[in-house]
Structure formats: C-alpha cells, structure tokens
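All chains are identified by letter, namely A, B and C, in their written order; residue positions are counted from 1 within each chain.
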Amino acid sequence: MDTTKKTIIVFSGEFDKVMAAFIIANGAAAMDDDVTMFFTFWGLNSLRKPEKVDTKGKSPLQKAFGAMMPRGPGRLGLSHMNFGGVGPKLMRRVMRDQKVMPLEELIATAREQGVRMVACTMSMDVMGLRPEELVDGLEYAGVATYLGDADAANVNLFI
Amino acid sequence: MDTTKKTIIVFSGEFDKVMAAFIIANGAAAMDDDVTMFFTFWGLNSLRKPEKVDTKGKSPLQKAFGAMMPRGPGRLGLSHMNFGGVGPKLMRRVMRDQKVMPLEELIATAREQGVRMVACTMSMDVMGLRPEELVDGLEYAGVATYLGDADAANVNLFI
Amino acid sequence: MDTTKKTIIVFSGEFDKVMAAFIIANGAAAMDDDVTMFFTFWGLNSLRKPEKVDTKGKSPLQKAFGAMMPRGPGRLGLSHMNFGGVGPKLMRRVMRDQKVMPLEELIATAREQGVRMVACTMSMDVMGLRPEELVDGLEYAGVATYLGDADAANVNLFI
C-alpha cells in the first residue's frame, strides 16, 4: 500500500461540499500525494461547462434533467441556507473578503497540480450528460476504476 | 490488514445515495472483496418491507416515525430535485432506458454476492423499527461491530 | 501505519449526522483508538456555545451568517423530517425513552475519552466564527493538519 494516494468521490453537487472536496484534494496534492476525484451523480454538475451545449440523441427526460441541473461551479447551491441562490452569492463574497480561493480557482489549481478528475460514465448516462458538456481534461470511467484506485489509496472519502 | 475488505455506512435514506452505496458494494463484491454495509438512521428505510407490518409495544412517537418514513426502496426520495416524489420516478425511468440495474435488483444482487448487510440496533430503537419490519437475511449489531470490521478493511465510506 | 487511529470530518451540521459522528468517535475511543474529529463548515455549529457571544471586527455578512446558524447541539436541525424544528425535539424524546445518550453527553464523553476536536480555521473565517464563540478545549488547524492525521489513520470518514 502506498501512503501517498487519496481518492474522493464527489457525489454531492452543492457548492459547499464541492469546495470541501477541492480544498482536501488540493491540500493533498500540495503534499505530493496522488489524488483522484470521482465525480458521480450531482457532483458531475460542478464539471459542466457554464454555457449551453447542443447535443444530439438525448431523450426528453435526459434533456429535462440537463436543463434543471446547474451548469458549472458558478451555479451550484448551498446544502444549507441556500435562500433561492442568494446563499452561495453571500458565501462567495465572504470567501473573497477572507481571501479564500474561489471554487473556480480551486478547480484550476487541482488541474495544475495533477489531480486526476474522473467522470462516472454510468451517472452521465442516467443524467444525459455528454462529454462535450463537461470541461476538458477529464477521464471517463466506472466503479471498477474507482475501486482499483481506492485499493491503492490510504484515504478514501465520499462527499 | 486485508486489502480485500470494504465497509460502507449507509446513513442517508435517499434513493440516489442508496443507489451509489449498492453500486459500490456490488462492484467490490464482483471483484471478490468482502463487503459489509451498515445501515443506520435513514438508511434503514431502504431495508423496510414495502407492506405495513403490525408491531406491538411501540410508543406513539415511534409509531409516528414509522408511519412517516418511507417503506423500502420503492418509496425513497431523491436528495435533489425530488419534486414531491416525481423526481425518483423520472430517475427510475431514465435508468431503465439506460439499462441501469434498478435499486431493487442491486439489493438482490448484493445478497447473492454475499454482501453482509447489518442493521444498526440503536437506530432501530430510536426509530422504532422492528426486525419483522425489515427484509430477511440481515444481521443486527452496533457500532462496536462496525469498528471491528472497519479496522480490517482498506476502504471505509460513510454515505 | 497504526491501526488504532481514526479521523472523522464533521462537515454537516445536522443533529442526526453529528450524533452519528460522536457515536462512532466514542465507540472507537472506548476501544482505545486515537480519534480526531475535524469540524468544518456547518459542523462547526455543533461546537458553538449556546449563548450569544459579543465579538468585534466581524463584517455585516459574517454577523448575518452567525445570526442565522444554530448555536450549539441544542439547536441543530434534522437532515430529514425537521418539521421546522419539531423533528429534533421528537427524536430527542425517543432517544431519551430508549436510553440513548443525548448529543450533549456524547460530546462530553468524547472529551473525557480524549477525542481530539479540531476546528477548521478557514471555515471559521468564512463563517465569521471566533474561538470565543466555540466551546473550550478545541484545537485550531487547517487541511494540512487533517491530512497528516488521516495519513496515520486506518479509518477516515467524511460525515
């Protein structure tokens, strides 16, 4: 077993939980750990491009899911005190005041530090999300890949 | 330490989180890992029989909890976009379209693969759930059992 | 690696999830494990003093966050069936009937058993929580401290 590997399943799509996931991932990467983040279910929304992307072959239900789910880190809600979307704005402002890195930068830093980001293909099928709707530089895989990585890691979190 | 053991605490009772738990459990069992799932608090609802079961000796409050909590995987809500129960129906339909195994089959497969399912007795006391209200084939234990299993496992998740 | 260390990130501030965290922490401590709990984001609310504490230098937004977030374990909501605050009261009553240790005692027991409680300083900055607003006997640290502890532990949970 290698003590320098970490995996994080990002299941939740809330701003605060995604923040926590990236803060841990970046912290570990800064300590030279190999970090893999698996984005599944609502967590995939944090990887969506902010603009609408035309796609073909989606069922009406998949289109509806796609239309209702937030596109990218700028539109995620809070798990508490969301207040119809005002909560995240307020939290972002406090974070800026406190010089906390914004989520978009945390994601960019994670990439620069070589954090592997894996999108769960089964979840993408269910939610009708296509690779072209997600940011570049992702890997696409399923639960077997996750388990292989988790077996080689010493810290495995589900967020 | 044995690298082939996994434990999952299923605390949440939402359809999507319970799905994620069973997908991971089944994936690990398919790779010949020993998997133990501990169902506690709302997670116990996914193990309830769908029919109403007469029980004796419950306090009025326990009866109220029992009446308000969903009975079995067919009645669990979504953690996001539940829309008063329509959300899970839509997600189930998309899953069927995408040939994703439904939750009931995931649970049955987990049993066939020998995944151990343990119901937390303290949570059962609090929520007033009796063994006869839960599906067959469960073990009943507490936190000490969980910790013993987690100590012997290399992946431990809290969902 | 030492098989007797455990870490728990307490991110969620809901009564039921905080209960689960302390039940696991106390169970592990009773088995002579070294347990560290990291309180971050909403989890910090479970460590707030119940009374209002005067503080200086908070921004209006930080004051607003502070005013809206629950102060201490007595005011936490449930993750399901909160019913505007009635849910936690009902759950507490059932717990008392069932001789389950109340949350306040679980926290006191954790202290007596030597469970380390660490408050995340970055979250405190964002939410405008000051050490004087939190209960005594905490440590203050960031993600690097968490990762160091998690590396030395064999069970790491995110709740």
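In the analysis below, contacts are C-beta pairs under 8 Å (C-beta built on N, C-alpha and C of every residue); 3 or more make two chains touch, one makes a residue touch a chain.
The structure presented is a predicted model; accordingly, all values stated were derived computationally and were not measured.
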Would you kindly give the rotation angle relating chain B to chain C, two copies of one sequence, based on a CA superposition and rounded to a multiple of 5 degrees? 120
Interface overlap for chain A and chain C, more than half of numbers shared or less than half: same or different? different
Approximate Å spacing (C-alpha centroids) for the pair chain A, chain C: 25
Going by the touch rule set out above, which residues of chain C reach two or more other chains? 1, 156-158
Tell me, which parts of chain B touch chain C in their complex? 1, 9, 11-13, 40-42, 59, 61-62, 64-65, 68-69, 122, 125-128, 142-144, 146-147, 150-151, 156-158
In the complex, chain C touches chain B at residues 1, 3, 16-17, 20, 23-24, 27-28, 30-31, 33, 79-81, 90-91, 93-95, 97-98, 100, 154-159
